[in-house]
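What follows is a short report on a single structure.
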Amino acid sequence: MGEIFGMPVQVLMGQLAIGLINGSFYALLSLGLAIIFGLLNVINFAHGAQYMLGAFVAWMLLHYLGIGYWPALLLAPLIVGAIGILMERFMIRKLYHVDHVYGLLLTFGIALILQGLFLNMFGVSGQRYPTPDALRGMVDLGFMFLPIYRGWVIVASLAVCLLTWFIIEKTKLGAYLRAATENPELVRAFGINVPVLITLTYGAGVALAAFAGVMAAPVYQVSPIMGAEIIIVVFAVVVIGGMGSLLGAIVAGFGLGLVEGLTRVFYPEASSVVIFLVMAIVLLLKPSGLFGQAR
Amino acid sequence: MMRIALFVALVILAIIAPFFVYPVFLMKVFVFALFASAFNLLLGYAGLLSFGHAAFFGTGSYITAHALKVWGFPFEMGLLAGVVASTALGVLFGLIAVRRLGIYFAMITLALAQMMYFVYLQAPFTGGEDGIQSVPRGTLLGLVDLRSDLNLYYVVLAISLAGIFCIYRIVKSPFGQVLRSIGQNPDRSVSLGYSISTYKLAVYIMSAAFSGLAGALLVVVFQLASLDEVNWHMSGEVVLMTLVGGVGTLLGPIVGAAVIVTLQNYLAEVGQWVLVIQGSIFVIIVLAFRKGIVGELSDPESWLRTTLRRVGMRSPGPGPSARPGEAVDLGQARQPVRSGD
Amino acid sequence: MGIELMTDQLLRVENLHARYGESKVLHGLSFSVDRGEVVTLLGRNGAGKTSTLRALMGILPTRDGSILFDGKEIIGLPSNRIARLGMGYVPEERGIFGSLTVAENLVLPPVVRSGAMSLDEIYTLFPNIKERSKSRGTHLSGGEQQMLAMARILRTGAHFLLLDEPTEGLAPIIVHAIADVIKALKARGATILLVEQNFRFASTVADRHYVVEDGRIIDQLANDEIKMNPEKIESYLGIEVEHRRKEASHG
């Protein structure tokens, strides 16, 4: 086999594939954050905890009810999204009239509570979630063997991201969302129930996080701390992509996953900080982020 | 006047306290009181929510620990090394972060601090998961042996109070006045011709310096520098202390630090429930008591007003008026006290 | 149906109070608009005209008094419910969404009543909108944005239109076009409440005028009066006064 920059192709490609998988989760999570932020003006700190919740709901469905991966892929986002809707209705809503940082602090508190509850129930060590039968095994790409499940994660995440983008940019529902992001008062005066739209949007963003959690369950261990680890990286991804830009969230998500993968090949010591470094550089060069509008 | 009298009373109480309470516990309270006061300088007066203050706290503790243990610095120089390092980091982060406001600022500072966490996790001198252990305390000016908890107590008390007093002076200075006007009404401050970024950068660096001092002191007290001090969780804790005590008040961070440190002491056995309890405190404070303990107690009028409004009576007299379009619906209005964007 | 027999009022406002946060902006406003009428609210800047429209539409949440619309009390309703009763709002800043195309802007508000204008009718009335349907809403000129904002409401079938300073900042030729649109709407049976500073424009389209000052109605004028006696309205609007002040400051 050949080499690229002194690296065996398989090693390089393997790391790039892992980078794309991480990137899938970054993209799904930052997309949800961006949608929520656009309409609610709230940075949803609980997003990581909701991602973790998605993975655990899938795990619990399997272990307590015997419900497998495919139904869980639909059920877990619905369940966690419904929990999110309750959170919005009874807590987050009360903070729309005060400074936006309170939304961040509230959701941070919620994240701590969720993480603490699951640590009590399950401890720090992760639970294993089996790969669904249909997606076991490897596929030979010629230059490398790719586990089928990992390929599925990349394809399905990309599809869900693009579908979400399409709904928001190209449909009537998306037009309501974009308009309400600009001027909620006026959209409501046109006869649209904006408070319900806001609640459903939060629920949808949370459901995206839970979907990512289910996708992640067979890849990583299902662990109470999986959300806290990823959410800070996702914040950096969102800042790099440009707050409020959906395309920015998707592109930055996958792109930074790749950057992280490449770093792991060439300079592994820096792989855990490279995204933060990129963020610092982007902020110095273009403070509004790669795809963001100055504001 | 009342506040100064109260403050003096508290100082006297602090002097006799170690004869009744475990000094190490008290020192921890003072260290965190200083840390929270430094944090409050930023949030309470300039309206900037930093979610990454652990970076400065941890830098102060790691550099001081290394200076005392490996370089053999005397106590004073060890502290200074920690403060200088955290100040330098403050300059660096400040240049990156202060251009973005509000929640962006919070996210960026959190991410930068997380980067420092990984740096300290991997850097050869920090001892990774073990941290830097058995850091020597040394002596004060070569005279006072700090191995005695009681001796150290008074030194830590004096330094913490001096730090808090400095912060108080900063708040009361003309510089502090400008800061407050920036925090409350950024648009007006622009028209008054202040360079907001410069002021914000300055206060961010000051806050970093005092946070570093607190981290340095913590190392001397516990003779240990560890990843706990640079973890995002530490950044959250200092936010919690300040919120609980009262954002934008002098005594608030001190009270908040005392409450949270005490709570941690009692909750040491309940394990992960600490997270649940801390999270619940966050939720309750943010939803119901945004002024914190000191804020609610020292402002009886406002307390009364909110209570009156809750039972459905309109309070008479003029109040803070919002501009058209602000108080209406989605997140347009500002809290009169601290504004983050 | 007693109310309908007694009067042909579409809107009856009594003792309307409203506030922004803690500051009161409307202090007991009372007026009415008959079915098929075009009525203007005249007044100086800050008199409470825009606030009146926003209170009617339910955008100002803290309001008090009585608003009977089509025989139904709407003071307690949220703005989305009020819109569904057939009240359409064109705000002063026009409210064209920059993240939506012209076509998306046009069809954004849901149809609330039968008898709404079809897209074909709208494109006949506003030919520019069709040409530019793929552009971003905010890439239109000010006049085109105003046309779009009005067209958007016509498509919903709202039969009571609140227009806030539709001529503000527009060239005379566009002001003429807007006057034509308003006349066409009136001919179709729409009822219009118009906020205007430009009373010359108002007098070309309106049947009656209310004068608003300090959040109250201080006078009511028929359109003939305004044409016969422009000084009176000028003094209400402070035009003379400002004129003199300017002269004084020059001298």
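Letters A, B and C mark the chains as written, and numbering starts fresh at 1 in each.
Quick note on the criterion: contacts are C-beta pairs under 8 Å (C-beta built on N, C-alpha and C of every residue); 3 or more make two chains touch, one makes a residue touch a chain.
Fair warning: this is a prediction, and the values are worked out from it, not measured in the lab.
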item: Of all other chains, the one whose Cα centre sits farthest from subunit C; value: B
item: Chain closest to the assembly centre - both centres taken as Cα means; value: A
item: Subunit B and subunit C: spacing of chain centres that average the CA atoms, whole Å; value: 52
item: Centre-to-centre distance between subunit C and subunit A (centres being mean Cα positions), rounded to whole Å; value: 45
item: Inter-centroid spacing, subunit B versus subunit A (mean Cα positions, whole Å); value: 31
item: Residues of subunit C whose C-beta touches two or more other chains; value: 59
item: Where subunit B touches two or more other chains, by residue; value: 325, 327-329, 333
item: For subunit A, residues that touch 2 or more chains besides their own; value: 185, 188
item: In the complex with subunit C, residue positions of subunit A that touch it; value: 172, 175-176, 178-179, 181-183, 185-194
item: In the complex, subunit A residues that touch subunit B; value: 40-43, 91, 94-106, 108-117, 119-120, 184-185, 188, 198, 228, 232-233, 235-236, 238-239, 243, 269, 272-273, 276-277, 279-280, 283-284, 287
item: Contact footprint of subunit A on subunit C as seen in their complex; value: 57-59, 78-84, 89, 91, 95, 97-100, 104, 107-110, 112, 156
item: Parts of subunit B lying in touch with subunit A, wherever the complex brings them together; value: 49, 51, 95-97, 99-100, 102-104, 106-108, 110-112, 114-115, 118-119, 121-122, 232, 236, 239, 243, 271-283, 286-287, 290, 325, 327-335, 338-341
